[in-house]
Amino acid sequence: MTEVERHPYDVVVIGAGGAGLRAVIEARERGLRVAVVCKSLFGKAHTVMAEGGCAASMGNANANDNWQVHFRDTMRGGKFLNNWRMAELHAKEAPDRVWELETYGALFDRTPDGRISQRNFGGHTYPRLAHVGDRTGLELIRTMQQKIVSLQQEDHAEFGDYEHRIKVFAECTVTELIKDGDRIAGAFGYWRESGRFVLFEAPAVVLATGGIGKSFKVTSNSWEYTGDGHALALRAGATLINMEFVQFHPTGMVWPPSVKGILVTEGVRGDGGVLKNSDGKRFMFEYIPDVFKGQYADAPEEADRWYTDQENNRRTPDLLPRDEVARAINSEVKAGRGSPHGGVFLDIASRLPAEEIKRRLPSMYHQFKELADVDITAEPMEVGPTCHYVMGGIEVDPDTAAASVPGLFAAGECSGGMHGSNRLGGNSLSDLLVFGRRAGLGAADYVQSLSDRPSVAQSDVDAAAQSALAPFNPTDTAENPYTLHNELQQAMNDLVGIIRKAEEIEQAIDKLQALRVRINEVTVEGHRQFNPGWHLALDLRNMLLVSECVARAALLRTESRGGHTRDDFPQMDSQWRNTLLVCSASGDGLVPEVRVEPKEQEPMRQDLLELFELPELEKYYTDAELAAHPGRTS
Amino acid sequence: MKSGVGAPTRARIPDKTLRTDRWWLPPLLTNLGLAAFVVYATIRSFWGSAYWVPEHGYLTPFYSPCLSESCLPGSSHFGTPLPELPGWIPLGFLALPFLLGFRLTCYYYRKAYYRSVWQSPTACAVAEPHDRYTGETRFPLIIQNAHRYFFYVAFLISIINTYDAILALTHGLGLGGIILLVNVTLLWAYTLSCHSCRHIAGGRLKHFSKHPVRYRLWTLISKLNVRHMQLAWTTLATLVITDLYVMLVASGVISDLRIIS
Amino acid sequence: MAYTAKFKVWRGDAESGGLHDFDVEVNEGEVVLDIIHRLQATQAPDLAVRWNCKAGKCGSCSAEINGRPRLLCMTRMSTFTEDEVVTVTPMRTFPVIRDLVTDVSFNYTKAREIPSFTPPKDLQPGEYRMQQVDVERSQEFRKCIECFLCQNTCHVVRDHEENKEAFAGPRYLMRIAELEMHPLDTADRVRPAQDEHGLGFCNITKCCTEVCPEHIKITDNALIPMKERVADRKYDPIVWLGNKLFRR
């Protein structure tokens, strides 16, 4: 029998980024006992990396903004593949969630009349992003971390114990969800520090584990982003959707090699920075796609006027949605007009005075100065696309964030649907808040509605422990987890990257199949105490499983849309618009088998559909789908 | 080292620091600088002569204000309310203790001498040689909290020094007058850049937006405050230079360089 | 451009440990964390190090490099000469767990002792109005990435284990300053700052400011202003007299 610590809770939240913490706060406010489990220290989650801001149509900077405009922008950005109900809830609730943060102590930048200042961002019609310089993610996570501390202080005052209702299990990794019949009964994991096993006995689990970026070589994501939530959900019997849509942020650092992939905030472009090729030309004007024609300036003069007068000018194409900009940069580099280190130039030095750059973009100034020895107030940056975000994730009910497995909930990047085929900048922080809260609520309602509690079978615990310890067993070939990880990243980056084609994806799938065999041979040295090799060996299984979902879904979708670009099918295809690719897993073994099946998405509610002009919808929808639109019927 | 970096739970590293740079140099220089000033200032304070140049109206700041019957004729700009003093009392005895107190309790000088004289700590991440440490929590160091009172007095003394310098200018313009003027300007900069002054001017406010004038003042002082360390050292130097110049002219070693007489 | 550097890395746990020598490849543009990762991948697969964003934004990879508290990811190899021995040890103020990883729970304990933001009761969400000039001071402190290098370098606890009980450390004294300067906070933490959180221990020797990777002016903008506020409340006889005369 395995030796484990047992912790009974009402709700276990896995992941302590924005979504996880917001879920914790909500479940705790409902009176439940909540454990929050995170792989890093408390407050270090990847949310701190979010720079630009949090999109919410508060209308502080432009009174014309409202939830309908935000909803439209989100659907457009996602190329109408979004789960429209999620996009609706998101647009409606984001302002309340931001204002709520102020009551927790957040200090956003202000407008002259004392309200929250909002900034421009790619794909957003109006200045919409609540921000704090370029460290908005840090503000969000610190604010919620401090809110949790304040709730713990309340509990301390009431019960004499800070951890009476909320306990943070930091540097603790969950490796398996445990079920009782078909519903969630708990989660099994280990302390990274000691390697000791830990079992959470809880009827509800909220997954808020973030993304999958570490499956790619060039990424802005940290080591934590190994798709744990995606994989846990799959293995527990839930489904993933939209996994083929991976967002490559157009502007990552490309030099020096050790920082390749680290993000350069879109705020640089929002504040006036422009993209140039090696000829010094602002090339984005040539990459405005048909669906956005008319909404973006077609000459630099108008684009420059737009920064000061947004009523009478169209915005610069430097601020097109991220997928468009990433593809444009990719094309420029391929055409030989790239910068010395294989990117393009992002120039703000010639556009703003040095002091202004330092004031508006302090951490970017800092980042380039200290990591690349480049003074962005004097010379242009070199930037190129980097794997940034996965639109795909766990398929959930929009209102409750419930996955298909009873007791399982998901929010934030690891859930899917909200962003469709491409996420707008600034929509992830608001997504975290809106659906983090809804997941907390959903879990609380679920737990309170239960008549009996599920229980954890010892055999499941033993099996989970055995699987976790497998890398310590000696094998014939003794594969090194670091080597396998490298090969996986290289394959995904080269073969299932920004631009994809069938034969390359097939090669990737072959490669993944080979890794699937070799992963059984992985062995690690040393003991269980803080052993990074062992940790990677376990995370690798998740990355492999999730990568296979990405590759298989990418192969099936024979069109280009948002974060999925097929060289062999370069056009967007209206027939595909309504089709979701659903991944599920079956079988035992360290990495179960993946199956991908198409599924039709529920049609958009009529009143929401009518928020769009018919000509715009015609670019995305089939004629049959638009038959009921008032523009056609009247 | 049983308590600090040698405590049982910490990484077992025998060295008190692993720093490879010359971390001992700044505290050494501080010690030398402070010692040099203290020696000079002590000697000059008790010297009792060569502090006043009657023909040009130069009074060294070390003897200002000079308020006793012992003062040289003309050097008592504010009269002589005090009787003759025995020779062992410095003529500047009214101002000197406050100026000393102002600098002793100054947030910059505290840093400087805590590091260099008291070695607490000598440099960052260098283990300090003391077994116990209570900082400014108790007597006598709790007196450091009186810094603002020394600031008030120093402020008044700066006005007096300004008066002295202007008075010198009424005798025409010479190098000595310029030195006095530069010195008093820098003294003002040092005095106003004080952290307590910054607090009193506006730092204590919760809402800058409701007090635009004080906010402006606070902003200006904050800019000066960044240079508090440099001003602290520069004014030590200008004080010595000013005094030395006055001493040399007063004792006839050199004569003042006159520009307009 | 690549060369072989000499590294000394502390390896061990709470019971024992010492500096281990490594010869390791260094390429252009790399930071110390890259080298530690190369050691993990090639020579010491179980070398424990805590890290996360690798961009100086999360504050996980705090350690001491050549005796100076630094972030591993923000220390470029180009700051050393090619023949210089680079010594990397864990932070020396916190209990060591293994290799470069320390137990930083001290900081989380202290964080919980600081009374939280206390919003005004009469304002609803969305009604908060604050001026930029009023939020800027606190915003500077909110740049803090909680790397705990200031807590690590502060001699009050670094050199005196027994002070850990009574001293919150620069990070959390700065948190008090942040809340005191928050334009809408209604709580009062001035006396507790001195009496409960140990502000008096601070002798403003500025090591916290020196090591801050976010370049926050911890001493000048947070600790000294707090000391002045405490002086207002506790040590200013005029205020004291005023209270005696007018409040009774």
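Letters A, B and C mark the chains as written, and numbering starts fresh at 1 in each.
The rule is short, and it goes like this: a contact is a pair of C-beta atoms (placed from the backbone, for glycine too) under 8 Å apart; a residue touches a chain by one contact, two chains touch by 3 or more.
From a predicted model like this one, the values you see are computed outputs, not experimental measurements.
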Between chain A and chain C, which partner chains are common? none
Just by CA atoms, which chain is the most central one? C
Between the Cα centroids of chain A and chain C the separation in whole angstrom comes to 29
Centre-of-Cα separation between chain B and chain A, whole angstrom: 57
Find the geometric centre of each of chain B and chain C from their Cα atoms only, then give the gap between the two centres in Å, rounded to an integer. 31
Multi-chain contact sites of chain C, meaning residues that touch two or more partners: 131
Provide the residue numbers of chain B that touch chain C in the complex, in ascending order. 3-5, 7, 9-13, 15, 17-21, 107, 110-111, 114-115, 120-121, 124-128, 130, 132-138, 141-142, 145-148, 195-196, 198-199, 203-204, 206-209, 215, 225-226
In the complex, chain C residues that touch chain A: 13, 27-31, 34, 40-41, 45-60, 74, 76, 78, 97-99, 101, 104, 108, 111-112, 115-117, 119, 123, 125-126, 128-132, 135, 138-139, 142-146, 179, 182, 185, 215
Chain B partner contacts - residues on chain C that touch it in the complex: 10, 12, 14, 16-19, 64, 66-69, 84, 87, 89-90, 92-96, 102-103, 131, 133-134, 153, 155-156, 158-163, 180-181, 183, 198, 200-207, 210-211, 220, 224-225, 227-232, 234-236
Can you name the residues of chain A that touch chain C in the complex? 40-44, 46, 48-49, 58, 95-96, 99-100, 102-105, 107, 109-110, 112-115, 117, 132-133, 135, 138-139, 142, 146-147, 149-150, 152-153, 156, 162, 168, 193, 222-224, 255-259, 262-263, 363, 366-367, 370-373, 480, 482, 524-527, 529-534
